[in-house]
Amino acid sequence: MLRFVLARLALVPPMLLGVSLLVFVVLRLGPGDPALDYLRLSQVPPTDAALADARAMLGLDRPFAVQYLDWLWRALQGDFGLSYATRRPVLPDLLGYLPATLELAGTALVVSLALSLPLGAWAAGHRGGWQDRLVRGIAVLGVSLPNFWVAFLLVVTFSVTLGWLPPMGSGTIAHLVMPALAIGLMSLSVNARLLRASMLEAGAGRHVLYARLRGLSERAVTRRHVFRNALVPVVTAIGMHAGELLGGALVVETIFSWPGIGRYAVSAIFDRDYPVIQCFTLVMTVVFVLCNLAVDIAYAWLDPRIRLGDDAA
Amino acid sequence: MSKLASLAVAVVMACAVAPAAGQQLTYSWPTNVGPLNPHLYAPNQMFAQASVYEPLVRYRADGTIEPWLATAWTVSPDGRTYDFILRPGVTFSDGTPFDAAAVKANFDAILANRARHEWLDLTRQIDRAEIAGPLAFRLVLKAPHDPTLRELALPRPFRFLSPAAMGEGGTTASGIKAPVGTGPWRLVETRLGISDTFAANPTYWGGKPAFARLVVKVIPDPNTRAIALQTGEIDLVYGAAGQIPSEAFLRLRDQAPAVSGAVSAPLATRVLALNSARAPTDDRAVRLAINRAVDKDTLVRTVLDGLEPRADFLFAPSVPDADAGLTPHGFDRAAANRLLDEAGWARGTDGMRAKGGRPLAVELDFVGTNAQQKAIAEVIQADLARIGIAVRLVGEEESAILARQKDGRFGLIFGETWGPPYDPASFLSAMRAPSHADYQAQRGLPEKPEIDATITAILAAADPAERKRLTAGLLTALHESAVYLPISHAVAIEVHRSAIAGVGFGATLNEIPFAAMRPASDRADR
Amino acid sequence: MIAASSANRSGSVAVAGALAAGFVLLALAGPLLAPHDPLAVDLARRFEAPNLVHLLGTDHLGRDILSRLIVGARTTLGSVLVVLALVLGLGLSVGGLAGMVGGRLDAGLMRLCDVFLTVPTFVLALFMIGALGTGLVNVVMAIVLSHWAWYARIVRGLVLELKTRDYVLAARIAGAPPLAIFVEHVLPGVVPPLAALATLDIGHMALHVAGLSFLGLGVQPPTPEWGVMINDARAFFWTRPLLVVWPGLAIALAVLAFNRLGDGLRDRLDPTLIAERGL
């Protein structure tokens, strides 16, 4: 198991190196002029002399490879430069906003699992009944609703009309409920459906038949043989949802004034604040990679076959 | 270092006893207030800078100047030397005395970073700052500059930081140790993306705030802000009309007695600049026709929900020196059509006009994320289509729009005058700078050199009557040339919960009179 | 793999298919079908309740909401269809090339895909917009660049599997050129599962377009777009909650239709492929 984890970890640095190169190249190929944006955000009138100064100061007059290596060398030391807009180091600010986003996305994941697993199992247990239809209906609807729309409807219903939940801010569990639900609804729906399907499939498997023949109780069969096997595809799905949950958090944060990374990133995009955009992309990628690593490990633990026939790609 | 200091402050505050309910005023702002360096710009938020730091003199709503940290001043006959007597007994919130040495240290720090303040004429005009006595300060200019006192009253950069809190070598250009001012509030805690907390300054020389704490929550979204007021997350909405959607404002205002609200007097003017250097708006007839074709009354009543009054001129007549006795280019679709007919713009089969094979089409540029600009642009597009002018809407991000203003790549573009105390002098001054939309819009006018010369004369005029005469002449020329399409006068709005009393509008948009606000129960004491 | 209630299911898939076809029709012919000019501002008729002239009422500028929704289908779904075409094109060529040629080219292309897959799609889309600037065209580019690698990987996997089939081997032994083999023998096997996946992705991508537009990064006015319509209408929910409801329903219905259709298509296909995407 340790070997497996180390092998996965070893893949992370080259991936990040590739992403950093991609990020750097695309930003330099884009139509914007970082020097102009730098001046604008510093509120310095963009005369030709000022532009030339800014180019020299930002190192934009050097060959591309030199720029990249220099940036990479600093980035490796944790120095992602100063935000053009705030004149503050980018990395500490981003890391300051990151926990709130992770808290939100993480809660969404927990909510999604906490609701989807019982719902999926319930539906599978009452296959064809109204319970099954209800869960399937929720699932189909859940993947179709835009998260920002759901967020807005939740606020109107539970804050404005009923006054049960705070419409904005952070700090207590009550603050988390609506944003986490809005973001997690998609994952919840997919997981519930997936678990239902895979439980039905696992329930039809041979080992379950043998277990029943051995005289195990229906409950024990479900718990020991059906549920555990049925979890495997759900775990895979979670790995894929990690990116969606993070993306959802970025969209919904504005609506709830959630103090996360999304607003910082979106305003950096509007401002063309290149150092922030670069660092944001890399930080989110690291988070995503670590999530997937965790999923891989959980997966290997649930299904030992994976570890043996490991395909690194 | 500044981090350490603010950490220390935060720790001190955390140990302090939490104030009782009712002693706290909760406001909101789209971002954190920033490190509150009084001599720098973004990300420092002006309203917060103005709450912590104070000027030598203050701008009053009637356009006059009142003593503040300076109790009296004299101007030499040649208009170049300003002598200020400083208020005695004022200290910074760290205990450092406020005296001529502190004032000079601040001016030195500002002038050491002169390039950054280039936009403000006064920084270019200052020759030197001198200590003339323990509480006497002298400012010497290179040339007479009439708006000097008004520019000293601005929220930045001419406000005062404790010299003990300045950065290396008494500079502020690359950061300060802590935000220490003389004002009614002290910044005590900043939580990234969540809130900024201010505490009343116990050593404040003036009227002390009734609230012990001012909490400014970070709320970027106007809809969320409106909901937050409704549900009691915040006590107060105050600021430019975009702080909350106008629908929400109207609804909240009518929710008495839980909530009440008010609209300020006109503060600035929303205008469209018409590019006189670019076809087809290089034709005065087209510019005039555009001015006459827009049904502003309907636009103001509907899109702006009647909150902002219609604007007929670049400046409201209430702005100092700006009442030039002009006749508005009133809404008259027939007259607009006539103007275009006479200028040879003939209607085609599709109803759109053209002259010599060139279609009468203009481009209207606006900030795509600004809902209000968007709605106004869409209405103007429809109004101009009725007189046969095709309008192409270009909604872009803010930086792109700024770039267009800078190099004149626009047909029609949104702008706004700067409001008091910048209007009219500072705003007129900027018309001479090529990086401003006003300069670009006027560039095609044959009388542009004359306009610039008049502005320079206005800024140097020492005699108020002469200044008024010159200003009137300039505003008349601009009005006749029709390079602006004034839309409405921007106002500030204010909505507060009934627990708060004493909410009024300040003389400028950026100075929020928090110190005058008090818990409503104070009023009901028997 | 789930045989349950198949009759019921295929019925609902047929309904979804009809609905999806309807949306595609709107996207293609929207402006012809709209009862009013979706851009016609009429300030005298703002906020009209649904009536016989304006079936869904009018918005804050007096524009017909139904017409804006219909033409908005073109913006939202039309851009998704463009995205899909580009993504499928890129996916088929890169994945096909990697799968058919193999060796170093395969390894190189797959590492490139890995780089794109390492970044969460929405973050990658945000980044691309940060680099390219806002606007619908850039949103389309951003979504293409953040999704193509999935398809390239899947196509490569399918190609590798199909390459081992007898009839492909036979064609190879017969000396047919690789391109001909790909087009004649491999492609027919790749397209059906890919079509199913792509259909499933339409809804997902439409939500991305709407989400980015909601953040103000996408479509510019006055072009109607569903996400922008929701964002615009939020300012008026206090008095006109229906304005937010209509475009939300439009998105939900469209996504629902394409998801059901995708499900239906997928269920008729090879189930092993599906597990790979976890959907």
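For reference, chains read A, B and C in written order, and residue numbers begin at 1 within each chain.
Keep in mind that, in the parts below, a residue touches a chain if its C-beta (ideal position, glycine included) is under 8 Å from a C-beta of that chain, and two chains touch if they have at least 3 such contacts.
Worth saying up front: this structure is predicted, and the values here are computed from it rather than measured.
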What pair of chains is linked by the largest number of C-beta pairs in contact?
A-C
From the C-alpha centres, identify the chain that is farthest from chain B.
C
Whole-Å distance, chain B centre to chain C centre, using C-alpha means?
44
Interchain centroid distance [CA atoms averaged], chain A/chain C, Å:
21
Can you work out the whole-Å distance between the CA centroids of chain A and chain B?
40
Going by the contact rule already set, what residues in chain B reach two or more other chains?
223, 369, 397
Multi-chain contacts in chain A, i.e. residues touching at least two other chains, fall at 254, 270, 272
Listed in rising order, chain C residues that touch 2 or more other chains are 133-134, 216, 234, 237
How about chain A: which of its residues touch chain B in the complex?
36-37, 40-46, 85-88, 93, 96-97, 100, 155, 159-160, 163, 166-171, 254-260, 263-264, 270-272
Hey, which residues of chain B end up touching chain C in the complex?
222-223, 226, 245-248, 251, 298-299, 302-303, 368-369, 371, 374-375, 377-379, 381-382, 393-397, 400
Can you name the residues of chain C that touch chain A in the complex?
1-2, 4-5, 110-112, 114-116, 118-124, 126-134, 203, 207, 210-211, 214-217, 227, 230, 234, 237, 241, 244, 248, 251-253, 255-256, 259-260, 275, 277-279
Contacting residues of chain A [partner chain C, same complex]
15-16, 18-19, 21-23, 26-27, 29-32, 127-128, 140-141, 143-149, 152-153, 156, 190, 194, 197, 200-201, 233, 236-237, 239-240, 242-244, 246-248, 250-251, 254, 265-266, 268-270, 272, 274, 277, 280-281, 284-285, 288-289, 313
Which bits of chain B are touching chain A when the two form their complex?
34, 41-43, 115-116, 118-119, 191-194, 217-221, 223-224, 227-228, 230-231, 233, 369, 397-399, 402-403, 406, 433, 435
